Each structure stands twice: as C-alpha cells, then as structure tokens.
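Structures for review follow.
Consider the two complexes below, in which chain A is the common component and chain B and chain C are the respective partners.
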Partner chain A sequence: MSKSNETRYIFSSGELFQKDFSIVLRKDEKNIYLPIKDTRELYCFNDITLSTKMLQLLSKAGIIVHFFGYHGNYIGTFYPKEQLISGRLTVAQALAYKDKRMMIAGAIVKGIARNIYFVLYHYYRHGKNEFKDYLDWLRKDVPNLVDKTNDINQLLRVEGAIWAKFYQSFRTILPESFAMNKRVKRPPDNPINALISFGNSLLYTKVITEIYHTHLDQAISFLHEPAERRFSLSLDLSEVFKPVLVFKTIFDCVNNRKITVEKHFDKKLNYALLNESGRKVFIEAFEERLNQAFEHQTLKRRCSYKHAIRLDGYKLIKFIMEEKSFTPFSLEDKK
Partner chain B sequence: MKNFNYNYVILFYDVGEKRVTKVFKICKQYLKHYQKSVFRGHITPGNFLELKGKLKKVIDPEYDFITFIQTMSESSFHEESMGNTGIDPESLII
Partner chain C sequence: MLTGTIVNYYTHCQRQCWLFSHNLNMEDNSEDVRIGKVLHELKKQGTEEIALEGIKLDKLTAEYVTEIKKSDADLAAAKAQLEFYLVTLYDKGIIRKGCLECLEKNKQSKSVHTLVMSEEDIEERKAYYRQIEDFLEQEQPPSPVFKPICKKCAYYDYCFI
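This part shows the complex of A and B:
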C-alpha cells in the first residue's frame, strides 16, 4: 500500500492541464488524474507544459508548484495569490527585524547547535568517542557564544563554525566513498555535496509551502540578510530542520546502502550529480521522514515533522505579536 | 463507531450509463481513481460532505447506487490485490 501524499513529484515529461475543475497529467497518451482537493504541492523535475488556465485553477485551490531544472537544481516556485495576508503582522515582522533581529537569529543558531548535538549524540553513544569535544562545545560553549554576540556577522561566524565542524564529523560516520573535504555549492563537486545540496533545496521548498499557509511574509528574514530575489525567511526556518530532516535522511540512505556512488550518481560528471533513480530514492526517504509522526510535548498529540515546520512559523508569529519566547524546533525535546 | 475522525474513504458506484461521466467527474476532484468504478483516498470530513452533496444532485436514487466505506486511514485495513493496474494512481512519484 502506498503512503498517502498530498505531494506529487512529477519525473516524467508531460502536460498538466485542467479538466472538470481538477488536475490531469497527460503522459504517454494516458491521462493521470490528480485530485485537486487532496493535492497540496507539486514538484516538477522534467519538461512540463502548463497553461494559464491550469495556473488559474492551481491559484484558486492554493496549490504551490515547485520547478526543478534538468540537474535537479531549484528554478523557482509558482506561488499562488496570497490568501493569508495580515498587514499588522507584516508591519510587526519588519519592526522585529529592526529591534529583535539578534534575538531571533540567536535562537535559530542555538536551535541548530541543539539539533546537531542530538543527531550526533546517537553516534557518540554507539562508540564514536571522537565527537566528545565537538559535542561538549555544541552544548556548553555555543549558547554562551551566541548570548555574548551583539553583531550579526559575529553570529554568522559562529553558525559557520558549527556547520564546518559538523561536516568534518562526516569522516567518522560515512563510508570512504562519501568522504567530505569541504562544502562546495553551485555546483557541488562530489557525491556528498550533491546530496546535501539536493536535500537542502527540497527542504527549502517544503518550508516555502508551510510559510505560505501562515500569515508570515516570506521576504523578511532574520538570520539571513533579507535580500531581494529570494524568499529568505524560509532559509531561516529551514536551518534548524536541516540536521533533523536532510542529514538524518542522508545518513540513513548512505549507511544503509540505499544510495551508492556507482549506482545513483552520474559517472560522466565525476559522480557530482544525483541521477534520476538516486533522486527518487532520496525523495522517498525524505518524504517518509517528513510524514513521520512523533508525540509533541506541548501540544500533547501526534504531529508530523512537516507540521512541525508550520508550528515553527506559528511560534515566530507568537514571538513577533505577543512576545512569547521563540525557541525553534528541538529534536530532543520534541517541541 | 460514531465519534471517530474518518479521514479515508473508499467509494464504489454503480450508476446508469448516462450519469457515469457526471459521477466520475465529481469523484476525481476529491479522490484517486483506483479501479473502473472505485475511487479511494484521503478526504477531510468537510470535503466528504461536499462530495456527497454533489453526488446526490446528479444521481437518480431509483436506479443508481453509490456506497462509501470510511476508515481512519489507509493503514487501518489490510489489502490484497492481484494482477496489474497499469499506472499506480497513488504513488509518490509519477
């Protein structure tokens, strides 16, 4: 039995059109019906033809479409007309950027450290003693360092240090073929960098979808510079989920040999690009993790990781509007 | 069994030839086409009411028959199947 999903990943080329107020994908002369009421987002990884009529329906139904290029690179998002608009929140969010930026950015950096700590602690408990220094540093020193900084650049340096040390720990966790020397982006140059880039861009789009369903403004971010061109708030909120969703999926796929260098990477490009089957394996594992439920400690009910992203958005709203303290999602506390 | 939150429905229909397409068009907005006259999928209680209302308007209660089986989720029943459907309407990746 396949898992229910409101998300569809389209890997075949075809035509998306609207028929009888619903979505139809025409592929190899065959129609595949996608129920409009049970679709939340679509991911297009191949040549897809769309008409404005289709976009009109998608917009009405509030369905977000993410487009990816031939190499699995993120191109952009069809972002339907915003339905949840709150001028009050937008103003407050902009003011928070001015007055409380350090508080929010600091909370995010602490959140990253906490989640990495918990992810790596699992390996430490199973005999990887070399992590001890790093783990102690994450738990004791990082919160102090963050509290002491009062300048965003200093904070970004702390964040950079956390990630750099985290990437170094891969040498102990992952097999030789996935060795990581340095994080390289645009374009990634080896298998592990390719996996990280692909995973991060998937997570980034997921967060865009979740923020779409809140009143937050996508463009005003706190840790990242609110630049033009990008929805930078989703970069902020995705940060704490990276260790939880992206890296745990990578460790799972690589260590359980679901993804191997020979089979799932493009040989011609020096194994620096996931091929189609590799992408599918990764997406399936990623999606499964997103839909996994855990017992939420404050809500006292089951909640999926996907929903936890949205809850982080709500927490941010609460902080901005009602001064409730903002602590991003923590894997350890499950809240 | 009344106070449960049903979120999953299996729908069977048996309607006169004239009304088959009408019923089909309505169902495909809400559920996944599973077999020739069987739909199933996730549905919220609100959407379920909507679906029933729309179907009610189209069918002829004298001749037609539509039945819904509601369950909590797709994991609350066991399913066995034989043969080949062609395309899997429920897969994550198409």
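This part shows the complex of A and C:
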C-alpha cells in the first residue's frame, strides 16, 4: 500500500551526505535528518551538493532523486540501479510495441478524452453551457475516431485536437489574467503555460517513480515514440492523469486565488515562470491531490491517486503478459 | 531450477508461484515480507547461512535442517519448502530431519514442527517437483481466484486490478 507521504521536497540549497546510515541535509550550519525508512523519493529544487557515497546509499535504499533547475525546470532523475527486472516481460513489452501499439496508444487517447470530459462536466453542470459541443464530441466522436485510426500519426492528430479544444475551454473557466492563447512549452511564455509546464513535469517525475516500482521498461512506449526520451513510457502513462492531477490542481489554485499572477510569478521574466513561493503552493496542492484517497471500484479498497498510477502500470503488464484488456484510469469510474 | 521459495509458493498459490518464478515478484509492496526479512537477519546473526545449489538453509546441524518462519499462516507451504531442502540434501547423501520454527503461532498450538521423511515420501515429492517444473513452462499464469487470504497478499493489486 502506498503510504501517504514518502516524498521529500528540498527547496533550500545545501549539502546532502550520509551519516550513521541516514541522509542528512546540511544547510546554514544546521543538520536536518531525513530518515531512509520513510523516504522513497527526493525532489531537489535548489543547488544541492552530493557525493558518490551519498548516491550509493540512495541506490541501496532504492530512493529516486529528481533534480530541478533554478527556474523550476526539470533537469533529470537519479535512477537507482534497477531492482525489478523480468526478462520475460521486457521481451513481451517490446513485442507489444510491434503488434499491439495501436491498441495501447488508442486506449490512452480514449482515456484522456474520458477524464477531460469528467473534469469539464462539473463546470457544464454549473451552467457553462458553451461546453456542450465539446463534451458531446469527447464522449461520442472521439472513441469512434480512435477506433477508425490505423496509424499512429492519425491518432496523434486526434490527441492534439482533444488538448487544443481543452485549452480553449480555459477562457470560460479561468480569470482573464490566466487567459491562454496557445500552448507554448520551452520556455513557457505566460503564467498559464508556466503552470502547465511545471505541473506536467512534476507528474512526469511521479510516474517515473511509480514505474520504477514495477517491472516495466521505461524506454518502451506506445503513444510516444520510444526514441523520444529515455523514459518515454512515463510520458504515456502520465497522459490520462494530466486532467485529473495537473489541471484540477491548476483550476483549484487559480480559481481559489491560492496562486495569483502578481504574487507567485517572476515579474522580471514577464510572469512567464513560477517563483519559489508559487512552486511551493502548487506542490502542496498537487501532493494533497496525489494522496487523496478514493474507493477503488475494482479492488474494493481505498486507494490514492498516486497509487492509481502504479495500478495503471500493473494493468499494462497484465495486458502484455496475460492479454487482459487495458483501460487506463478513469476519474468517473474510479478504477 | 526449483528453489525452496518456488516450492513454497506452488503449494500456497500457483499464480503467485508462476509470477514469482518469472521474476514478476511483488514482495516489494509488502510490509509483512519486510518484517520476515528483518526477522531472518536477526535470527541468523552469529550463524552461517548455508547455500547449496538452489537452496539456502537457515540452520544445519548434525541432526536437523531448520527453517524459520515469521508465522504459521501457511504451514503446509512452509513444510513443502522444508521437505524440498530435505530431498535436495538427501540426493547429496546428507540425511537430516526437518525442523520448522514459527515465531508467531496464530493457527497451530505448537511453534516447532519436526519432519521425518521416508524413502517413499522422497520419491513422491520428486514427482511433485517435476509437476511444478512442467507448470512453470506454461506461457501464462493461471487466472486469479479470489480467496480471503488474497486480501493480505503483496500480489493482490496486480491480480485483481
């Protein structure tokens, strides 16, 4: 069972070292002890110095470390030498890329549409009638379009259309200061793009950690090209969780004024980047959502959204190994 | 090649056995397994663990092979594991009695069980091991069947998702 908190965020600069088989963060002449027992994942958002000896301890304890740069940009992950490998699964996963790629990629795209539908339906029910066409399209047309595609580029065009229409809906949901003309990635050019980029990279790292605890190979992906990035399977599995975890967090932070353009973005950079306090607010809201529990309809037990990511990994393994159908997490069905 | 754990799992749950022996192990998820490992570490302090091909013995004396378990939750499976050790040793000309120590007794009244095997028993077990080897050749694991014990299993999420 995933415990509620195994993640530690380090916002200050300092040195990480090993003392008495504990991880110690030294900052401003003070030592802060991080017990290994309750730590599975570390996030470093500032200048952190660490040695090979520290990496050895982290590796032995199976602790993953994600590094972010000064501006909150994702740098990379320290990925301890793999513990869980099943040759049989790796071979089957590669074969699935060859034979069942469209089935898996199609299931992911349908999953994105389902979860966006459910997130926006909430606003529709509260009077945003202008969503009706988009909602109908998501529910009725997208599954048909996906089923009719027979190559990955066609499918990616459907996916692109889903997201583009979703971003257009922000005009109705969010205040004008967070209006969005178009999605701009590296670097983002305005507050909403900054929030999306930061949220997506946080989610990406969370999925890396969950996949690490399964036997799946991070490099063999289905919707994204395996060559795209080393951990492209994390990109695949994060897609259906974006509406659930990233965008619901953004809507909550912006609409409840937990995050404002004036206070939480860097003015010098034209408000196109979150500042440190903005990142802290966002991470807190994001963590809360990850650890929120719901009653899982298939397993019949309480389950956090974070654990639901791992469960999608298990579903994929079962599809690959045992031909059990693969349906990614659905916020509506709670499974 | 069979191991003590595989024989234990085959008796306990065939699906778990198949997954485990194809390296789809899920023990990572289980606090109980972690406790078991720690107890194992504590118990073996000061004694040498003996490893022969495929088997790792907690304790080997002139008379006994001892296997230590956290609890007596599945005694039949623990016995099958110990028998496997006895048979493997027998084939090497080492004849011992088995001794099973359960640190927590929840189901049985006694915490130490002694095993003695006849030659017929040994032949019968060998046929059983060939059956396990055939079973592991299958392309896919058997489908999960829910039993109350599944709720505590480290494989629960994977089996029933």
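In this text, the second predicted complex is superposed on the first by the 329 of 335 C-alpha atoms of A that agree within 3 Å, B and C clash if a C-alpha of one lies under 4 Å from a C-alpha of the other, contacts with A are read in each partner's own complex, and residues count from 1 in each chain.
By our rule, a contact is a pair of C-beta atoms (placed from the backbone, for glycine too) under 8 Å apart; a residue touches a chain by one contact, two chains touch by 3 or more.
Just so you know, these numbers come straight off a predicted model, no measurement behind them.
With both structures placed on the common chain, the touch criterion links A:M321 to chain C but leaves chain B unconnected.
Once chain A of one complex is fitted onto chain A of the other, the partner contacts of A:N190 are absent, as it touches neither chain B nor chain C.
By the touch criterion stated above, A:L299 is placed in contact with chain C alone, chain B being left untouched.
Touched residues of chain A, counted separately for chain B and chain C, are more numerous for B. Of the two partner chains, chain C is the only one that A:S86 touches; chain B does not reach it. In the superposition on chain A, A:L311 contacts chain C only, with no contact to chain B.
Overlaid on A, the two complexes show chain B and chain C touching the same residues of chain A, namely 1.
Residues 1, 83-89, 213, 215, 298-299, 310-311, 314-315, 317-318, 321-323 of chain A are the ones that touch chain C when the two sit in their complex. The touching residues of chain C, when paired with chain A in their complex, are 22-25, 28-29, 140-141, 143, 156-158, 160-161.
Contacts from chain B toward chain A in the complex involve residues 8, 25, 28-33, 41-43, 47, 73-75, 79, 87-94. Within the complex formed with chain B, the residues of chain A that make contact are 1-12, 20-22, 25, 27, 30, 32-33, 35-38, 280, 283-284, 287.
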